[in-house]
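Written below as structure tokens is the structure these notes are about.
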Amino acid sequence: MPADVDALVLSNDRLSEAYNVVGLAAPSIAAAAQPGQFVMVREDRPGAPLLRRPFSIFEILRDDQGRPTGISLLNKRVGVVTGALYAREPGGRLQCLGPLGRPFSVGTPPAEAWMVAGGVGLAPFATLAEALREQRTPATLYYGGRSASDLFHVDWFERRDIRVVLATEDGSRGEAGLITGPLERHLALLPAAAPLMIHACGPTGMMRAVAQLAQASGRATEVSLEPVMGCGLGGCYSCVVPVRSGPATPSQLVRSCLQGPVFPGHQVAWNELAPAV
Amino acid sequence: MSSINLTVNLGQLQLKNPLVAASGCFGYGTEYSDVVDLSTLGAIAVKGLFLQERPGHVPPRIVETPSGMLNAIGLQGIGVRRFIDERLPALRKHRAVVIVNICGTTVDEYAELARILSDAPGVAALELNISCPNIKEGGITFGCDLRGAHDVVSAVRRATSLPVIPKLTPNVTDVASFARAAEEAGADAVSLVNTFLAMAIDVETRRPRLSNVFGGLSGPAIRPIAVRMVYECRQAVRIPIMGMGGIMTAEDVVEFLVAGADAVQVGTANFVDPFVWPKLLDGLTGYLERHGHGAVRDIVGTVAVPGAAQRISS
Amino acid sequence: MSSINLTVNLGQLQLKNPLVAASGCFGYGTEYSDVVDLSTLGAIAVKGLFLQERPGHVPPRIVETPSGMLNAIGLQGIGVRRFIDERLPALRKHRAVVIVNICGTTVDEYAELARILSDAPGVAALELNISCPNIKEGGITFGCDLRGAHDVVSAVRRATSLPVIPKLTPNVTDVASFARAAEEAGADAVSLVNTFLAMAIDVETRRPRLSNVFGGLSGPAIRPIAVRMVYECRQAVRIPIMGMGGIMTAEDVVEFLVAGADAVQVGTANFVDPFVWPKLLDGLTGYLERHGHGAVRDIVGTVAVPGAAQRISS
Amino acid sequence: MPADVDALVLSNDRLSEAYNVVGLAAPSIAAAAQPGQFVMVREDRPGAPLLRRPFSIFEILRDDQGRPTGISLLNKRVGVVTGALYAREPGGRLQCLGPLGRPFSVGTPPAEAWMVAGGVGLAPFATLAEALREQRTPATLYYGGRSASDLFHVDWFERRDIRVVLATEDGSRGEAGLITGPLERHLALLPAAAPLMIHACGPTGMMRAVAQLAQASGRATEVSLEPVMGCGLGGCYSCVVPVRSGPATPSQLVRSCLQGPVFPGHQVAWNELAPAV
């Protein structure tokens, strides 16, 4: 049962001109959140945009005793609300509805988990990394960006014993090129018998490539899609994505706020997925 | 709670309070049972249903505009049979008062839907969507033509003893004439307004922002037009009116009641704040207390308009 | 400036750029000569004029609404003769291109106004206000009736050789049919939209917020509906279109042009920012440069709409 | 010629729960402003109210050399924009269009000037007081409010050699009752031959009473009206007030942003003035 929290902004860590991390006091959301879930955010001031915006829950914030006290959001500034999240100073407030959506499945050993993140698609993987670690599931983060200055929190993952593989398009950090490069090679090297789950979040093209690579090598994937969402609760039917239950069945438009945002990669009818407007 | 009488009568249908969830903005109701006690709402107008399942439009289906939003969902839906089998039992369990919003491509389809739903336990009333701007056939074609509107209402009237509530489109020159046509055809009440046909273009790509090109405008932006239309219909008909369009606060609820609505529907506000319902109810109750009214119906249609004022056109 | 060709043709009338001040939102133009170089505007549609002086409505005449405003000025005005004597000379001195917005209570009055203004030096075109929601007689009664619209336009057409531009009301079921009627009656262009008939109620006093009860809604709130109507008219007629409704930024100007407007009018934005004009012109020029277009007319009506898309109703 | 200044907020002095004074950097407006003129203010942020709101210019701010650097506004919180002005912290910005409107006439000796202020109607009198002082015109401020805590800047006027007469409805400061009480008595005492101009700003009822008292004793008044204003520039015709050129002539609705906000009190058709909504 989601709550709507009038959350105090605890911190605002500006990582670059475009990215920041906002810390929010929201114990009830933090306590209930599962990896890959999201919140619907709005500003409560006269004239603020009407509709809420979806954000993955990035970190679970905890007090000294480890009790969940809040969440953080990894925000990329692209418009009005993401701009406001970038500007929001500690002491301000943001309305946060959540946690919402179907989470990632958290594999257990001996299965391995690979997380593939592009840009702000890193957001759902902090909580997933912690959950995997709790299960002692060996985990790797494949993380790509345009250049070194677009990669954040790498040491955060390393400190949590996540193996990290990096790629940048300009070669300024990690391998030069797309993150699907190393992913493809590593997939080819992994013994067929070794169980693996791949989780991906990032630009649609990247997720599609990951899902196809994985399928080609018979691996399961989960992708976290980012359609426009009007309500986050199943009320408006704006967030639909085309999925098919079997390879030959026709696709159906299902609500990604309820049945997603995490979907099995092979179920997504990538050809029919509308380009983000 | 207080001693204020919040009940309202919509013809044969009595609601415990005048706050109704608007069709298409509250799923089939069951989606919201986690966040709203469905039995506390006056009623729920569920998402528009056809006889058959419908896939709806390709996304993008919504876009935000100044103080409003456009939608072109295209009436994606599970069809009336699955609704009766899969959703109605849960709604009954939650003690929700269910108004089923129905949509057809022919007069016969409306009548057929009405017959099917008359036999289903737990349907309180039928709202006839003759005003959806988002589908090619049916819907608004009836809503923009007085004869068509009259025919649909009459046919449904004959097919059911459930309360019949046609939902009017604002995309017409004279909405009051449609309210009159509905009244004459035997409607128990009318609801208005549905969304305004609209369009938004992405200037960078020079493509429509909605896959369907056109969409319906809802939200606070339309409220002043919707209030005017409710007022006009109040002058034109005796049957009850459910007013809507951009209601976000209890003050907005009162504005519609005072303009002449017997009950109100709340749509877009659910997306902004799913916990809005108790706030609206408390705000309305507080308003009535503050102004010394014992019942909601005491303020319905009480806007003080100088004698001379009337619609200028037509 | 740049090498971009900003001129647009509205029939016989060529404007140096597509940015026109909307009637009633820029006084008689002269009021703004301190803050805007009037010669830099494509044209100025001056405040609506009757044959006679008119006192207008008792205040309050405006009220703000979500992303919009209602007005019920009631066409307070100095009448056509005083306009010609007292304002036109100054407008000519400022080298303003003047479109006179005229309003009558009968067809003959429109024709008479047209004759009088045809003889006045410095009138570039006539805009026929057959769409004002704020007066009891004339105005919108012509605008909501196809026959009436046709008659007014024909009569004025016969009375003048000035460009004739009827201004259409959005308060109709099918605005495109009015554009067609205007075209058939010999209009050189159409302008749209005028304001949406609306109402706001003060819930504390339960009185209308405007002395006139009803008012016209303008501003960003109506933009998506106005864009849709411009697009519909573009599909229906060959004559040029002046589009308007909620334009605040250069991006909004482009949205209307791309939807099918040959020029745009800017109303409410003048109140928000009287210095908006150079910003709009620079923004438009910048847009055209950025997208590699040499002329405004290259983007008019270029919205990419899939073949199937068309108005669903009627 | 008015300017639209993107004015930096220099200070925000909260006088009470309802009143504050905002200092704004706006040299061009400050240099041009005359007593009784106003500015049209808006906030430039997404979703801010569409229409500007009118505010009298309260003080002219000056640097060490006495050069005008900005203006202040005396603000009373009643709604959205006045609420924003109350909340605005130094460092923020407000868009200010002005100076606008017809100013008070500044009398010269031997004429005396009496200023009658009710509540936030004090706003236009700081600039008028300074202008009168420059002319060495003897000046009195009649200033009324509900109670002592509604009266501000009294010593500001006293420091500028303005005689101050106070009244409060609850009697907590100055005379008990309405400010028109002492005004009426003093009017009766003033020799008929002594020239006098009365300026009034405040609630409509107060201004009307002042205009009638003055007229009864054959004194000229100027009142500063506060209708709703859409543009401030004569463009919208929203701000009209009924005035008549002679006692017997019918009233005409004239734009108070151009022909006012200051009007000769005897010209206002008080009976026809719409109540503020």
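In order of appearance the chains are A, B, C and D, and numbering begins at 1 in each one.
Heads up, the rule we're going with is that a contact is a pair of C-beta atoms (placed from the backbone, for glycine too) under 8 Å apart; a residue touches a chain by one contact, two chains touch by 3 or more.
It should be emphasised that the depicted structure is a prediction, and the values quoted were computed from it without experimental measurement.
S.K.: What are the mutual neighbours of subunit A and subunit B in this structure?
M.R.: none
S.K.: Rounded to the nearest whole Å, what is the centre-to-centre distance of subunit A and subunit D, using the mean of the C-alpha atoms as each centre?
M.R.: Measuring from centre to centre gives 57 Å for this pair.
S.K.: When the C-alpha atoms of subunit C and subunit D are each averaged to a single point, how far apart are the two points in Å?
M.R.: 37
S.K.: How far is the middle of subunit B from the middle of subunit C, if each middle is the mean of its Cα atoms, in Å?
M.R.: Their C-alpha centroids are separated by 33 Å.
S.K.: Please report how many Å separate the Cα centroid of subunit A from that of subunit C, as a whole number.
M.R.: 48
S.K.: Quick one: which residues in subunit B touch 2 or more of the other chains?
M.R.: 67-68, 219-220
S.K.: Which positions in subunit D are in touch with at least two other chains?
M.R.: Answer for subunit D, listing residues that touch two or more other chains: 49.
S.K.: Can the chain contact pattern be summarised as a line, a ring, a star, a complete graph, or none of these (other)?
M.R.: ring
S.K.: Could you run through all the chain pairs that touch each other?
M.R.: Going through each pair of chains, those in contact are A-B, A-D, B-C, C-D.
S.K.: Would you mind writing out the residues of subunit B in touch with subunit C in their complex?
M.R.: My answer: residues 65-68, 70, 133-136, 139-141, 143-145, 171-174, 196-201, 203, 205-208, 212-215, 217, 219-225, 227-228, 231, 246, 251, 254-255, 258-259, 287, 299, 302-306, 309, 311-314.
S.K.: In the complex, go through subunit B and note every residue touching subunit A.
M.R.: 24-27, 31-32, 34-35, 47, 55-56, 58-64, 67-69, 71, 73, 76, 202, 209, 211, 219-220, 268, 270-275
S.K.: Under the definition above, what is the set of subunit A residues touching subunit D in their complex?
M.R.: 45-49, 80
S.K.: Report the residues of subunit A in contact with subunit B in the complex, numbered from low to high.
M.R.: Within the complex, subunit A touches subunit B at residues 1-2, 4, 42, 49-52, 95, 97, 227-228, 230-231, 233-241, 252-253, 258, 272, 274, 277.
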